[in-house]
Amino acid sequence: MSQENILTVENLVMHFGGIKALNDVTFNIKRGSVSALIGPNGAGKTTVFNCLTGFYKATGGHIMLSANSKDTSVIKVLGEPFKVTDFISPVAFYQRLKYKMFGGSHLVNRAGLSRTFQNIRLFKEMSVVENLLVAQHMRANRNLLAGIFNTSSYKRSEDEALERAFYWLGVVDLTEFANRLAGELSYGQQRRLEIARAMCTNPEIICLDEPAAGLNPSETEALTKMIRVLRDQHNTTVLLIEHDMGMVMDISDYIVVLDHGEVIAKGNPDDIKNNPKVIAAYLGAEEGEEVTL
Amino acid sequence: MDIVLQQLVNGLTLGSVYGLIAIGYTMVYGIIGMINFAHGDVYMVSAYLTAIAIALLTFFGVQSFPFILIGTLIFTIIVTGAYGWVIERVAYRPLRNSSRLSVLISAIGMSLILQNYVQLSQGPNQQGVPTLLSGAIRFHVGDGFVQITYMKILILLIAFAGMGVLTYIIQKTKLGRMCRATQQDRKMASILGIDTDKVISSVFVIGSSMAALAGVLVTLDYGSFDFYIGFIMGIKAFTAAVLGGIGSLPGAMLGGIILGLSESLFAGLISSDYKDVFSFSLLVLILIIRPSGLLGKPAVEKV
Amino acid sequence: MTQTDISYKKSGTDAIIAALMALVVFGPIMGIVLNGYQFKLSFDRVFVIVAIVFVGRFLMSTFFQTHRGKMMAFRYTNNNDGVTVLPPNHKSQMVWIIPLVMVIGLLVPFIASKYVLTIVILGLIYVLLGLGLNIVVGLAGLLDLGFVGFYAIGAYGLALGYNHLGLGFWSMLPIAAILAACAGAILGFPVLRMHGDYLAIVTLGFGEIIRLVLTNWQSFTHGPNGITAPAPTLFGLEFKRRSAHGETFHEFFNVPYDSAHKYMFVYLVLFVVVWAVLFIKHRLVKMPIGRAWEALREDEIACRSLGLNHVLVKLSAFMMGAAIAGIAGVFFATYQGFINPTSFTFFESALILAIVVLGGMGSTVGVVIAAFCLTVLPELLREVAQYRILLFGILMVVMMIWKPRGLVRVTRRGFARKEGVVK
C-alpha cells in the first residue's frame, strides 16, 4: 500500500464504441492534498471521474486506490471478463466470479472513495436528514431482527447515525433545513448537501464534480473554505473538477490538465499558469504564441 | 429430418410475424425509452379488425381473394394506426415528464383496458375467419414430406415487403430522419424545430401498423383468435426485440426470426406444451448474457 | 395576464377531432359485433361513447382555458404532489384507531355470518398481497407484474406439500414463504442488475410461466382439474365433521359441528398475520433497509456512489414481497380448500397492482383500504363484476396522470437532534 499516493492512475484508456474519450491518462494524487482536474469542455474530465469512481469500466490501464489501509484495483472490483488462466486457478476464478456477481461501483465507495455529481443527484423526495442517513447504510446496524424488535444496540446505532448526520449538517450549514425535502432546497444548498452526504460515507478521498458550478461568488468562497475544512480537519483528500479558475488556483496543491483525452500538463498552480500548452488549449492559440492567463 | 425442415418453415413464418410486432416495441423503446405493454393488445385488436373487415367485405359481395386481402389490409392498418395514436395521446403523452414507473403502470392499465374493452364489445368467446386461401406446395424429403402452404408464402412475402417499406421510411424519408434525430436526442431535436410530440405519435402509428400487418397475416393463416392472444404474443415479440437488441430495427426482425425458428424447433422436437416456457427462459438468458442483444449497442449509463 | 379568454371555437375543434378519432377507434370494434363469419350491427353504443367523448373533450378543453384550469395544468406538469415531512416527534392524532380496529377485527368472526366472513377473509388475503407488492413497487420502485406467481407458489406449495409430502398448514406457512422468497431470488438476481423496465416484462413472463407449468404438469399438479388443500389445525385438532386420525375440534370442545369454525379459525390466524406484517412493514420503513429501498427508487446511481449494492438491496425488497405473497397463497389455499391454475392469471396481478396504485405507493393505510374496496365491493355488486378489469385499467391510467402517489397523502418522519446521546 502506497503511503504517499492515495490514487494512482496509469495509462488509463476509455473507448465508447469507436470514440477514444481517454487516451493514456497517467497521474497520481497525493494523500492529504487538494488536487484539481481541469481542461476545456469535452476534454474528458468527467469521463476520468466516472472511471475513477467505478461508474465506467475503463477499457485499459490501471487505477489503484490506496485507502482504508489496503490497495483496491478499481477496475478489478467492477468485474472483469474471465481469462483462460481463471479456469486453472480456482481462487482466481472465485475472485473473478465474486466481482462479476457482486462487484460494482459500490465497492469503490466502500474502499474509501466517494463522489458528488455534476448534475446533482439527491434523493429529492426524502428529507435532508434521511439523505445523510442513507449514506451511512454501510455503518448502520442492518440486522433485520434487531431493527424489527428495536433492540438497544440497534437504537444506539441509529442514534449515532443521526448524530453524525446532524454533525455534517452543521458543517455545511444546513441544520435548520434538516426536516425539509431535499428537492425543495435551493441549488447552492443542494450542492452542499451532496458534499455532506458524500462525507457521511467516511471516505479518505472525495471527488467533487464541478462543485462551484452555478454558485455565486460568496457561495464559492464558502465552498472553498469548506473544502479546506475537509482536508485539514477530516484528513480527506480532495479531487475536483472545476471551471472556476480563480477557485482552482486558490485551493489546489496540484493540477492535472486534460485536453482531448490526454494529460497535457501536471504540476502546481504556478507551473500550470505559465505552461504554454495549457494556455494554448484554453485559448485555442497556436503553440509558442505568447498568451497569459 | 422432415420434421426439422417442416418446423424450420413454420418457424420462419412465425418469426417474421414476431419481427413485425417486435418493431413496435423496439421503435417506441428507442424513441421514448418505455416498454409499451399495450402493444400486444394492439395486435389483438387488429386480429378482430381483420375478421370484421372480412365479414364486411364478404357481406358487400367481394369474393376475390386479392381484393379481400387488400381491403382488409388497408382497413386494419388505418384503424389500428388510429389505436396507436389514441393510446399514445391518452395514456402516455400526459406522462412525458413523469417517473418511468408511472409510465409503465399506465401502459399496463392501457393493456387491461384494451383487453376488457374488446371482451365486452365482442364477447368472450373465440372468434374466427373463414379459410380464404388454401393449397400448398409439397416437397418430398426422404420418407416424409415438407409442406409449405400458399398462405405461409404470402406471409413471408408481405412481412418482408412491410419491413422493406419501413426501412425505406426510416432511412430515406424526412419523417424517418426526424425519427432518428428524435431517437438520438429528443431535446436537441425539439430545439432544431422538430415537433417531437408528432414524431412520437407517428412512431406509435407506424408500430401499430406493423402490428396490424402481423394481425392480418396471422388471423388469415390461423383462423381463430380471442381477446387474450395479445398477452403471450406481446411477451414473445418483446423477447424478439430484446434478442435483436432493443432500439435496433434490423435487430427486431432478426430477433423475431431467430426466436420463431428456435421456438418451432423446440415445439417440434421437444415439447409443444412448454414452448412458451422456452421463449421466456430465452428472454431471461439473453438478459443475463447479452442484455444489449445481437445488434444493439451496449448502453452507456449517463452519470 | 389576469384576463383569460375562452375560445369556444378551439374547444369545438378539439371536441370534433376527438369525436372523429373515437368514431374511427370505437366504430368497428363496438359497432360491428362478430357472429360466426357474419356480424351484427350495434351502432347505438358507438353513438353513446362518441357523444361522451365529444362532450368530455369539449368540457376539458374549455376548462383548461380558464384560469383555474391553467393553474391545474401547470401543477401537473410540475408534478409536485406534496410529500410532507412531519415535525420531529410527531404523534398522530389517529393512534386510537389501531386498538379500535383490532377489537372490531377480533369480534368479526363471532358476529358476522359465514358468507360475510369468507368475503372478509378474501379481503384480508388481498391486504396481505397489497402490502407485499407495496414493498416492491411502492418502496423500492420495482414494477413486479408476476406477483401472482409467488402467490401461486404459496398456494400450490401447501396443496402439493400436503398431497405429496403430508405436510400441514403450519409447517407449510414458513416453508412457502421461504420457497417464494427463493423463487424471487432466482428470478430477481439476474434481472435486477439490469435496467428497471426489464424486470416488469420478465416478471410478467414469470407469472404466466408458473401458470403454464401448473396447468401442463398434470402428473404433479393435477393440471386444470385442480388439487385439494388442507384446512389448518388447532394443536392437531381438525376442523372437520369426522377425522380419520384423532379428535376433531368440535368433539374436543364438545360443541355442535359448524363448518364456519374453519373460517373463523382461518380468519383469526390471518388477522394475526396481517397485523404482524403491518408491524414489520411499519418498522422496515424506519430501518436502514427501508431507507435504502426508497433511496434506490429515487436515484440508483447516487445509491451506488454511497456504497449500497443496488442489486442486493433491490433483491431484498423483491424477496420480502415474494415471501409475503407466498404466505398469502397458503391462506388462500387453506381457505378455498381446493385450488386450480385459473385463480392465478395475470388479472390477479393486475388487481394487486391496482390496489397498490389506488392505495398510494408506500402508504400502508391506503393499501389496506384499497384492498378492501377493490375486492369486497365487486363481491357485493355483482353487476359491475364484468367491468372490473376495465375499471382497474382506467384506474391505473387516470391515477398515474392525476395522482401518481395515490390518494393518501405521503408523509415522512421528521428527525430531531438528540443531544448528548453519543459522545
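Should a chain be cited, it is by its letter among A, B and C, assigned in written order, with residues numbered from 1 in that chain.
The rule is short, and it goes like this: contacts are C-beta pairs under 8 Å (C-beta built on N, C-alpha and C of every residue); 3 or more make two chains touch, one makes a residue touch a chain.
For clarity, every value in this text was computed on a predicted model and none was experimentally measured.
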*Identify the chain pair joined by the greatest number of C-beta pairs in contact.*
B-C
*Can you name the chain whose C-alpha mean lies closest to the mean of all the C-alpha atoms?*
C
*By mean C-alpha coordinates, which chain is most distant from chain A?*
B
*With chain centres defined as C-alpha means, what is the inter-centre distance between chain A and chain C in Å?*
41
*Just how far, in Å, is the C-alpha centre of chain C from the one of chain B?*
30
*chain A to chain B: how many Å between their CA centres?*
45
*Which residues does chain A have that touch at least 2 chains other than itself?*
55, 117
_Multi-chain contact sites of chain C, meaning residues that touch two or more partners_ = 301
*Could you list the positions in chain B whose residues touch two or more of the other chains?*
301, 303
*What does chain C use to touch chain A in their complex?*
83, 85-88, 279-280, 283-284, 286-289, 291-292, 294-295, 298-299, 301-312, 412-415, 417-418, 421-422
*chain C touches which residues of chain B in the complex?*
33-35, 37, 45, 48-49, 51-52, 54-56, 58-59, 75, 78-79, 82-83, 85-86, 90-91, 94-95, 97-106, 108-123, 127-130, 231-232, 235, 238, 242, 273-274, 276-277, 280, 283-284, 287-288, 291, 299, 301, 303
*Can you check the complex and tell me which residues of chain C touch chain B?*
21, 24-25, 28-30, 32-34, 36-39, 76-77, 79, 137, 141, 143, 145, 187, 190-191, 194-198, 200-202, 204-206, 208-209, 212-213, 216, 297, 301, 346-347, 350, 353, 357, 386-387, 389-390, 392-397, 399-401, 404
*Hey, which residues of chain A end up touching chain C in the complex?*
53, 55, 102, 104-106, 109-110, 114-115, 117, 121-127, 129-131, 133-138, 140-142, 144, 147-148, 150, 159-160, 162-163, 165-166, 175, 178-181, 197-198, 200-201
